[in-house]
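One chain, chain A, links the two complexes that follow: it is found with chain B in the first and with chain C in the second.
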Partner chain A sequence: MAQIIAYGIITGAFYGLAAIGLSLVFGVMRHLNIAHGSLLMVGGFTAYWAFNLLHLDPFLSIPLVMAILFLLGAALYKGLFSHLDKLPEGQKIDNSMLVGFGLIWIMDNLATMLWTSDVRAITPSYTGKVWHVFPGVRLPLVGLAIVALAVLVIFSLHFLLTRTYFGKAVRATAQDREAANLMGINVERTYLMFFALSAALAGIAGVVSAVNYSVYPTVGFEWLLKAIIVLVLAGVGRIGRVFGAGLLLGLAEGISVYFVGPAYREVVGLVMFILVLLRRST
Partner chain B sequence: MERTSMLELRQVDVHRRDVRILWSVSLRVEDGKIVALLGPNAAGKTTLLMTISGLIKPSKGTVFFEGNQIDRQPVHRIVELGVSMVPEGRRLFPEMSVFENLELGAFTPKARARKEQTAEEVFKVFPVLKERSAQMAGTLSGGEQQMLAIARALMSRPKLLLIDELSWGLSPKIIKDISETIVRINKTTGLTIVMVEQNVALSLEMADYAYILENGRIVGMGEAARLRESEQVKNAYLGLGDA
Partner chain C sequence: MEYGGKGFVVSGIVVAVLIVFPLTLGTEHTLNLFVMLFITIILAHGWNMLGGYGGQISLGNAAFFGVGLLSFHFLAWNAGLPVYIALPASGVSGVVLASFIGIPALRLKGIYFAIGTLALAEALRITYGNLFPATLYIPTVQITTYTLLSRYYMGLATAVFIQGAAYCIIKSKIGLAMKAIRDDDEAADTLGVNLFKYKFLALVFNSFCCGLAGGIYAYYQTSIYLTVPFSPQWTFEPLVAAAVGGAGTLLGPVIGSVFLIILTETFALYLGKGYLIIFGALFIFVVLFFPGGLVGTWPRVGMFLGFRRRATKD
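After this line comes the complex of A and B, so read on.
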């Protein structure tokens, strides 16, 4: 049982990483960027090639991956999503989903053309190494690194949003866009930077997924599903709650695999998703 | 050469969607004065303030601030030039502390460099904000919220302050306190103020000069002291007429 919980926490930390960028952009900008999973996929492939061509350790390649995804995110926002910002909230969410849907199509197919649909994984020397904490509990080193990474991301984001002028501008803009503008905040630039940051966060999750699982052109959609479940479980706004919801999903999946069987792994999250939505709607 | 006023609007037309709100509005605001915009509801007063701050762009005409044309500039740029606005309904950031609201008021690079000093000055004017600086802005009383909205606007060290509906939702006693404070700021620092206010008697008491706006047009103007005595204003706005 302790083993299941340990794996649940590792999986949950990854789900939190996969969902955090999606959730932040949805909370602040009201864009539901369903291409977030495809950004994650691009991050995974970037780390894969950095590892195979440049022999760069995946965890050390994170800054590089973040930089590339940051630029990609900035370009996507400037070229596509920024045009939706003048719409009222509901229409903005709907339209951002349509744009995202188109993007998934384009990005996933481009990835297939460039890199074929082969399933790949990053396998550094420490893959599969475990730490025997005590008899019966084995912790994979990669898993520990994922949890550490998640903690680092939580604290960095918290610091960014509460201690820096950029973070304060983001929060002010989320609460009242026009009033923020009257403070002298360049709202469009703040949105651009924030969207780009969210893409960079997808990049981190992408690296992790390629080390811990695998990467292939359509993998983004699977992680998107998890991220959306986490988004719904967490509600909008708090970084801590996103990771809390990620852990909840990871643990629930692990426990259900143990008691019910692996065939039902995917069902658990969806059942939780539906239950939350049913409760919210009343 | 013609002397430049602090603020000048020349034949400004404003449309929102397809409705024309302002019709060829021209006005001047001189350095160091308090200027009131009077007029009935929906006369276009708020629209006029929003046009000055850049939130709405005019479809025709020009706006000059210290001789610079600003009507095509983005809002954040106009703030940097020295125009700050206290919007209608205050529009604080309710889920941020009083201090964070003030910090955001000092967002522009120039204001940021002098943030601590400005905050001290603002706390001297509104001591209650210092006591409440860690409290969430949304939990303040109405009067405190209005003080915070004004203080936040002052944090950018503006040359021109636009105030929309100072008295909105406040008790007479608090309105009196805050309006006296604003006049005092104007007298001691020379800050130029353009204000929109439902309460015409109060506006004319505070202001040096006033413009009267009706259906989006300027229909009258004059020294505040003179308007207080004018029959037109007495009848229409002060409720002192015989009819």
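After this line comes the complex of A and C, so read on.
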């Protein structure tokens, strides 16, 4: 049982990483960028090629992946999502989902054409090494690194949003776009940077996916499912709650796999999702 | 561009031509194309009723399509029910599945319905792949009596039926209420429109269409690979068809579907999967810059050129 919980925490940390960018952009900008998973996939492939061609350790390639995804995110925002900013909130969310859906279609199929639909994974020398904490509990080193990474991301984001001018601008814009604009905050630029930051966060999750799981063109769609469930479980806005919801989902899945079997793993998340809806709608 | 007296005459002529077509000019290749066209039209009409008129974005129509497909397969081929019972049953199975997500999600505002349907479709796709890792075949007895014509006429009849049903709904009070909710749900609520009821009705229409389309597909295909039933393609292509044709119009889904099938035929031959990328790009372009689609944009072009007096949008 302790083993299940340990794996649940590692999975949960990953779900938190996969969902955090999606959740932040939705909370602040009211864009539901469902192509977030596909950005994650691009991040995974970048790390894969960095490892195979440049022999760069996946965890060390994170800054490179983040930089590339940051630029990609900025380009996507500038080219597509910024056109929706003038719309009223409801339409903005709807249309950003539709644009995101189109983007998934483009990116996933483009990735299939470029890199074929083979399932790939990064296997550095320490893959499979475990740490026996006490008898019966084995902690994979990669898993520990993921949890550490998640903690690092939480604290950096917290620092960024509460202690810097950029964070202040983001929070002000999230509260009232017009007022922030009048106070001399460059809203457009803040949005651009923030969207790009969220893409970079998807890149981190992509690296983790490639190291701990695998990466293939449609992998983003599957991680998107987890990210969406985490988003709904967590509600909008708080970094800590996103990771908390990620852990909850990871643990619930781990326990269900133990009792029911791995075939129904996805159903767990779906049931949790519907339960949240039922609770909110009554 | 909308139905009037002239519209009925034109639709009648089109349907008459489509009835005679396979008996005279149709080759096997064109008939196959038309069956896929009918399936796309049915799916696009479903999405359009819910998204274009009802204002609720569904990103998981593949779930309803897949469950309709499987229902038809098991009812008609495994249990041996006649096709005219199995087909409506596959539509109903889509509605039943849609209720699970629709009843809680449609009571809430915002994104829950859209991402709920997306989660439903994706969870079903992965779970189905885990549980039934095999290709479905129709029984050999059926293969010996397989005719493409019966598939063609079934697709045509269902597509005409759905087009007619969509027309009746939109011209009735229900359609009016749905449009009112889409345009301003708070105002509609204040005027006594039951929001949940009409959103749910639109969802029933949509999921019934998806289930029917799944049933026709199961009837039409002799073998179904395991990734087919819940493939996101069944969500995406009708969405593109409805949006490109013109969401929130009665002709949009038809025009969009024809456009899409022609595009597929033109590009799939020498671009492989590349045509899907073109679809995606086209779709984003329409969503961002031409929300009216072809039906909505054409009168404006006409007006610009001085052909038409006034653009009307339903």
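Definition applied: the second predicted complex is superposed on the first by the 282 of 282 C-alpha atoms of A that agree within 3 Å, B and C clash if a C-alpha of one lies under 4 Å from a C-alpha of the other, contacts with A are read in each partner's own complex, and residues count from 1 in each chain.
In this text, contacts are C-beta pairs under 8 Å (C-beta built on N, C-alpha and C of every residue); 3 or more make two chains touch, one makes a residue touch a chain.
The structure displayed is predicted, hence computed values, not measured ones.
Participant: Putting chain B and chain C on the same copy of chain A, do they fit or clash?
Facilitator: fit
Participant: For chain A, which side has the bigger count of touched residues, chain B or chain C?
Facilitator: Between chain B and chain C, the winner on chain A residue contacts is C.
Participant: Output check: A:278 vs chain B and chain C. Expected answer is one of first, second, both, neither. What do you get?
Facilitator: second
Participant: What is the contact status of A:168 with respect to chain B (first) and chain C (second): first, second, both, or neither?
Facilitator: A:168: touches chain B, not chain C.
Participant: In the overlay of the two complexes, what angle sits at the CA centre of chain A between those of chain B and chain C, given in steps of 10 degrees?
Facilitator: Between the chain B and chain C centres, as viewed from chain A, the angle is 90 degrees.
Participant: Looking at A:221, would you say it contacts chain B, chain C, both, or neither? Reply first, second, both or neither.
Facilitator: second
Participant: So, does A:101 touch the first partner chain B, the second partner chain C, both, or neither?
Facilitator: A:101 sits against chain C, while chain B stays out of touch.
Participant: Is A:52 in contact with chain B, with chain C, with both, or with neither (first, second, both, neither)?
Facilitator: After superposition on chain A, A:52 lies in contact with neither partner.
Participant: Touch test for A:262: chain B only (first), chain C only (second), both, or neither?
Facilitator: It touches chain C, and chain B stays clear.
Participant: Have a look at where A:156 lands relative to chain B and chain C in the superposition and call it first, second, both or neither.
Facilitator: After superposition on chain A, A:156 lies in contact with neither partner.
Participant: Please state the minimum Cα-Cα separation between chain B and chain C in the superposed model, rounded to the nearest whole Å.
Facilitator: 18
Participant: State which residues of chain A lie in both footprints, the one left by chain B and the one left by chain C.
Facilitator: In chain A, nothing is touched by chain B and also by chain C.
Participant: What part of chain A is in contact with chain B in the complex they form?
Facilitator: Per the touch definition, chain A meets chain B at residues 165, 168-169, 171-172, 175-176, 178-187.
Participant: For a test of understanding, state which residues of chain A touch chain C in their complex under the given definition.
Facilitator: Checking each residue of chain A against chain C gives 26, 32, 34, 80, 83-84, 90, 93-95, 97-99, 101-106, 109-110, 112-113, 221-222, 224-225, 228-229, 231-232, 262-267, 269-270, 273-274, 277-278, 280-281.
Participant: Using the touch definition from the top, list the residues of chain B that touch chain A in their complex.
Facilitator: 53, 55, 74-76, 79-80, 84-85, 87, 91-96, 100, 103-105, 107-108, 111-112, 152, 156
Participant: Using the touch rule from the top, collect the residues of chain C that touch chain A in their complex.
Facilitator: 55, 57, 59, 100-101, 104-105, 107-108, 110-112, 114-116, 118-120, 122-123, 126-127, 130-131, 232, 236, 239, 243, 272-274, 276-277, 279-281, 283-284, 287-289
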